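Presented sequentially are two complexes of chain A, the first with chain B as partner and the second with chain C.
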Partner chain A sequence: MSLSRREFMTKAGVAGAAITIASTVGMPEAMAQDHVLSIALAARAPNGLNPAQTGLTGGDNWAISQIYDCLVNSADGTFGIKPEDFKPEIAESYESSPDAKTWTYKIRKGVKFHKGYGEVTADDVVFTFTRLIDPKVVTASKATYANIASVEAVDPMTVKFTLKLPDPLFNGSIASTLPASILSKKAFTEKGDAYKFDPIGTGPYQVTSVDPTSGVLLEANPDYFGGVAVTKHLKIVFIADTTARTLAFLSGQIDMMEGARTPGWIAGIKQRAAKTIFDETQPGSFNHLMLNLTKKPLDDVRVRQAIRYAIDNSAIAKAYGELATPMVGMIAPQFEGSVKPADLPPELQYKPDVAKAKALLAEAGFPNGLTIQCFNSQREDYAAIMLMVQEQLRAAGITLDMKMIDHATFHDQTAKDLNTIVLNSSSYPPVPTFPLVIQLASNAEVKADGSGGTNFSHYGVAMKGVDDLLTKALAEPDFEKRVATVQDIEKQVLKDLPDMGIITLSYVVARNPRVDLGYPVKSGYAYWPLHKAKYV
Partner chain B sequence: MLRLIVTRLLDAIPTLVMVLILVFVSLRILPGDPAQVALGEQATPDQLNLFREQMGLNAPLWQQFFSFGWNMLSLNFGKSLINGTPVIDLLAQNLPYTIELTLVATLIGLCIGVPMGVFAAVNRNKAPDTGARLYSLIGYAVPDFYLGALLLIVFSLNLGWFPINGGGDGFVDGIYHVLLPAITLAALKSAFLGRLTRTALLEVLGKDYVRTARAKGADENRVIYRHGLRNALLPLTTGLGLSILSTLSGSVPVELVFNRPGIGSLLINSIAQRDYPVIQAGVVMFAFFVVIINLAIDLAYVLVDPRIRVK
Partner chain C sequence: MMSNAIQELEAVPPNVSRFHLIQRIILGKPATVLAALIVLIFIIIALLAPVLAPYDPLAQSYLKINLLPSPDNWLGTDQFGRDILSRLIWGSRNSLIFGLVSPTLAAIIGTFLGVTAGYFGGIVDRLLSRVIDMLLAFPELLLAIMIAAVLGGGFWNIIAVITVAFIPGFARVARATTLAVKQEPYVEAATAVGVSTPVIILRHIVPNISSSIVVLLTLWTASAIRLEASLSFLGLGTQAPNPSWGNIIRDGLNNVFGSPWPIVGAGVGITVVVLAFNLIGDAVRDVLDPEIGQ
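Let's look at the complex of A and B:
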């Protein structure tokens, strides 16, 4: 082969141009931006739109919540926190047996699946829930649905759930959760693996296209039983980087964006665009500090009390402005079952007191303070909270020798019982027993081989816990009585201090004032309906 | 030439095998359970076990390795553990954007860097040389994610000349979208290539044959471009290859700031999610690119320097 230098340079240039052209042709044509309501979420690309699949991102959840309906749901922009707070959706009515172990739902007539897949029947509901409880099928949040003993179609439009334990808040704990969005049995069986990117729901929007680079494009479902969505097109864009997302929002390219849950972020946006509206869900995530009772000196209640007195939750919450609320016990103050400082005896109120913390440490044999080693996630919310906690503890003579590690590694090492003080950030539904079962029950104890649960403090094993009270609460069919028992658990935990609530941290979306959601966002999951949203 | 290509490709086989072993072993040593990441912290042990079983993560390591090696040889990269998408599709969706960014950034870097280097060398120790050196210093010193954000704020947000983010749809829109990120990467590239050109050219301009050319009364432009620059192309070719490789693997911050699809950000995301099949395929693909670009550099040497061709 003979090639002169000049020929080489020419051919190389042509080849380069050809590759550039080849790399850009064949991409989807841009959709006209007119009347397309857009929201940018913090994820790199859609992972799927099957509500029961694993690995979904927050962005996927936004899309899913527009595409599907559940049997019942909370009112727009709120969390149903009591049994009477839920509105029928696919179900037109429901009833519970007196022991709260049998729940029967009457399916609304004429609810149509998208794209001609027929009307919803009891079969679709049974299909959806059977997958969720089948141990041989990998689905999201399996533990959430473990209380369902069976689900059956009583007739073509009636479904009956039989539970293992009473659940007076079944609508909140199960029937209105996102993975329990009703699937089309016919479409799911027909499409197989393809269903997750070509889903069929009953919701106000149906899928037009799913593209890993341009996002999910939805259009109004003309047959929606709740009325056709006000804005015809909805675009869900995936922008992982906060700076890129913020710039896209400030430039007006997108209408709404998932915000950053860091101190000062809202103020920064307001400086640039003062009229921006911030929609925040209260409470958002629960941020707890779990103390490993098997590690010295955390087995000494005086040391745990010193830590509690040294931490000023209100100061940490204040750093986040309107995004955070200081926690008193395990349950977010916005939810039923939580305790208020005024309801507690003075010794359980733990008003921040550095002098008292030092005195307790001295009493426990640490007059010169102590050092505790732990590790924490680098994720921005984890890092910010723990750095503030570290600083507050330092003032009381407690040095946290803290390593910051990658988030997946943090979870892996924590699940193997290698951590000492664990910051845990979780979003829970408004079900009073939920965080208690997951974080305090002895059968959820963390294990060194990684096969245990998320009771990272070993409460109920390293010391007597609240298993008895928890059993009592879970067996109680009356909601108010259940809540009272949960409050007793809260008080016991405040005495023992294996776990301490720090702050709740809201999920926040910045919204351009040109968009009216049609209702105020007060609480709820980290996604909300957009079918009433319009340009103003 | 054909013999050179075949020899180089055969030489690359042990390198690729080593990469396969390294990527497999390092991922298994890395803490973080892909099943836990996929199913969430509150997944039940039974579900975690079932997921691992379905994804082949419960098989003995040697079995996983041979299965992985065989799959790589047969170009079966498997499916993402997180979303079940075939890895080949994920690579195909992202690779064109990475190639596009690399090519455009390299082109801009060359167009700025080489003339700047020549100008600096010709005006050694004068103001243009000082200016070029200062530019190089700034190019090296300013992090690309910072420069990217700065350019975005000025040219996209404030002036509205460029789009804020994305990869663009179609050729023209694609070029429009790639310009600002490419300029960001080209700042470092031009600094590197400019300095390299200056150094190589200064060395060549001090050679006897250049002095002879000048003594014979050759035109200064002919001396610089025909006798000087042509002979300085060898180190520049090496530098260009290195620069392309660094862009292929190091464009992640720019991809993130400009929200561009690309292999770099795909890999970073997959590492955070412990998505083994995507990481493995991505790293092997990068290794393959290194081999190909090194081969291209070797071939370019032959074309650029007749002495190598004769040897």
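Let's look at the complex of A and C:
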């Protein structure tokens, strides 16, 4: 059969059009038949699937957590809060020395890497952690792993970690974190730069394709040690725009979507699709307000107290409904180390009191109120929380002259110490010392050249901080005693008010009722396993 | 032929009173009457916002999130429980201020530059014209975004941004008309009898080019309202929590499934007011600049 050029072009055109139409219009049907489970995240495109790389988005984390396993992990849909809460994953058992400075993991036999890259041995584990602690290799959250003095293979199936400071919660603070997902040494060395988009893990799903527009397509790993995933195909889609994502969800094109953290969003979805299921992590992100102690008049504790009295955490939490809980101190009320209002002396309870706020301001020399300039991110949760704070402060005579700038610029400018009142949203695992080390330690002080940390208030430098207590807590091998010291830190911070907890805000995923996750989501990181999920 | 011409001359009396002129502009067409009415209502709403708005536009209430329109809240409430109608009414103030102040400032500065370039010619003209050409090369919105990105948001910055964006247009028109008027015998006569340059410019040039400038001013009032809304929508204009039609749409876009009314309200507001100002601009042009109109 011969084709003229014109015939060929016509036929190719028709075929092309047919493919295009099929891939757009026909997508929902095709998905329903093949049971491709899909989830859409609020990000523009995949940045990479190497768990230890920097600059990963929430969308990447979702994919990575399906592709890899850690040594141990929290039970599905929860956070391990106490040392005994962790279940073995790649490790089949673990033990800690009495001083909590040596942790030994026995590796499970027969855990296979994807696509024929062999079985996991101590070599792979040592390779993974050596990269994380090697100052010359760029990996994520370097500070988190700095407590590891050494990692060595005792025998081919046993790994021993030696720590600089005792860590009774090593499983939570390091072994179960996403960047510590176990890499295949062979695949990583072999593939080099290509590994980023062609990763090899041991998880329930392996990568079929990665594409900026269609997202990450995964397929069940037939050799998964925990049993083959219930749904064979999983698709992780990246749709940054909330409205577009919501429309895709409401039309049934996707099964799950990352929710918007604005007041009233859940109610709005329920109005249109009453049966939608909302999976929420408790507590989710910690939202703190950090006051820059080097900027007048925030150096005056009375002004900081006035701000604390003017802000009604509970009202802000109520605006979010079930998604938020009011915070008391630095640590989410759901986690160990947090303090309860009932345990605090009355002067540290800060019951909302506008009159008291005004009186404190007058005492500080601002009888007619004051104006503070700051900037804030346009991201929906940042914008919503700060608009509510701004309105509450207005009632006490504090005008927040707030510029709304894009999220990346906000982070960039804040990291250069240019902000005065900084809202900071961070997701912390239930490791009591984490938020304190990251936001209060003097060595985490923000620096004008951008090389500093996230202590945006200069606590411990502009005024005496909690460094001594923090050192004491970090040197304590006993978990309960450590928690008690952390609570002392909480009280000191409530006295000094360099940093105040506002609300915790759940990470929320809306789920079509046709999908059953296989377990309830209660807590955990902003991603969770999907290998038990199925169409019902 | 002769008598015809005389009749035409009589029909257009050389000294039309201002009142008559405004009357002719407004009552020319029914559409213009309607447009004038809308603009009048818009100005009244903007001026009387503190009286007309039923609620404080910034007051939040978590008990009243995303309410549907009701007798209490005519357009419902937004995701912070703020009254949408009150926010739209206060937002109209921003639109009015930016709509009037920026083009007026731009007209004054632009006319000064344009007349200077046109009247003096030579190196002055060439220098000024090149600068104006350079600014004209950028669309107004792009120019405004670039300036706003450097200066940041805030009231006076936005006034400055829109003013700068509009100056080249005014300068270009002022220069062209000045070049034409400069050739007129009465200007030559004034020069011949020794009238000083500033007086010639103020007495003879400016009054004779003013009609084109006024036409441009009315048309660009609409553009300024649009530009302010666009900048606020992009987050570069009026800053939260202060309402402006642009940032009301922006806020509403994140909450379109909670309440569509902020977007609908502000969208209709911008459309109607911009259309009204454009219709009036056209009418003014028809009357003041009959050559273009016909």
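Just so it is clear, the second predicted complex is superposed on the first by the 503 of 536 C-alpha atoms of A that agree within 3 Å, B and C clash if a C-alpha of one lies under 4 Å from a C-alpha of the other, contacts with A are read in each partner's own complex, and residues count from 1 in each chain.
In this text, a residue touches a chain if its C-beta (ideal position, glycine included) is under 8 Å from a C-beta of that chain, and two chains touch if they have at least 3 such contacts.
None of these values were measured; they are calculated from a predicted model.
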>> Quick one: is A:214 in contact with chain B, with chain C, with both, or with neither? Answer first, second, both or neither.
In response: first
> Can A:380 be said to touch chain B (first), chain C (second), both, or neither?
Replying inline: second
>> In the overlaid three-chain picture, which partner chain does A:404 touch, first (chain B) or second (chain C), both, or neither?
In response: second
>> A:135 in the overlay: touching chain B, chain C, both, or neither? Say first, second, both or neither.
In response: first
>> Tell me which touches more residues of chain A here: chain C or chain B.
In response: B
> Once the shared chain is lined up, is A:150 touching chain B (first), chain C (second), both, or neither of them?
Replying inline: neither
> Which partner does A:318 reach: the first (chain B), the second (chain C), both, or neither?
Replying inline: second
> So, does A:251 touch the first partner chain B, the second partner chain C, both, or neither?
Replying inline: first
> Counting only touches as set out at the top, which of chain B and chain C does A:243 meet: first, second, both, neither?
Replying inline: both
>> So in the superposed three-chain picture, is A:390 touching just chain B, just chain C, both, or none of them (first/second/both/neither)?
In response: second
>> Counting contacts the way the document defines them, which residues of chain A are shared by the two interfaces, the one with chain B and the one with chain C?
In response: 243, 406
> Taking the complex as given, what residues does chain C use to touch chain A?
Replying inline: 58-60, 62, 65-66, 79-81, 152-154, 235, 239-241, 253-259
> Inside the complex, what are the residues of chain B that reach chain A?
Replying inline: 1-2, 30-33, 36-47, 50-51, 54, 81-84, 90, 93, 95-97, 99-100, 103-104, 107, 149, 152-153, 156-157, 160, 163-171, 173-175, 256-259, 261, 265-266, 269, 272-274, 300, 303-304
> For chain A, which residues are in contact with chain B within the complex?
Replying inline: 1, 3-5, 8, 16, 19-25, 27-30, 44-48, 53-55, 135-136, 138, 140-144, 146, 193, 196, 212-214, 239-241, 243-245, 247-248, 250-251, 253, 406-409, 411-413, 415, 426, 438, 450-451, 453-454
>> Please output the residues of chain A touching chain C within their complex, sorted ascending.
In response: 242-243, 246, 260, 262-265, 267-269, 271-272, 315-316, 318-319, 378, 380, 383-384, 387-388, 390-391, 394, 402-406
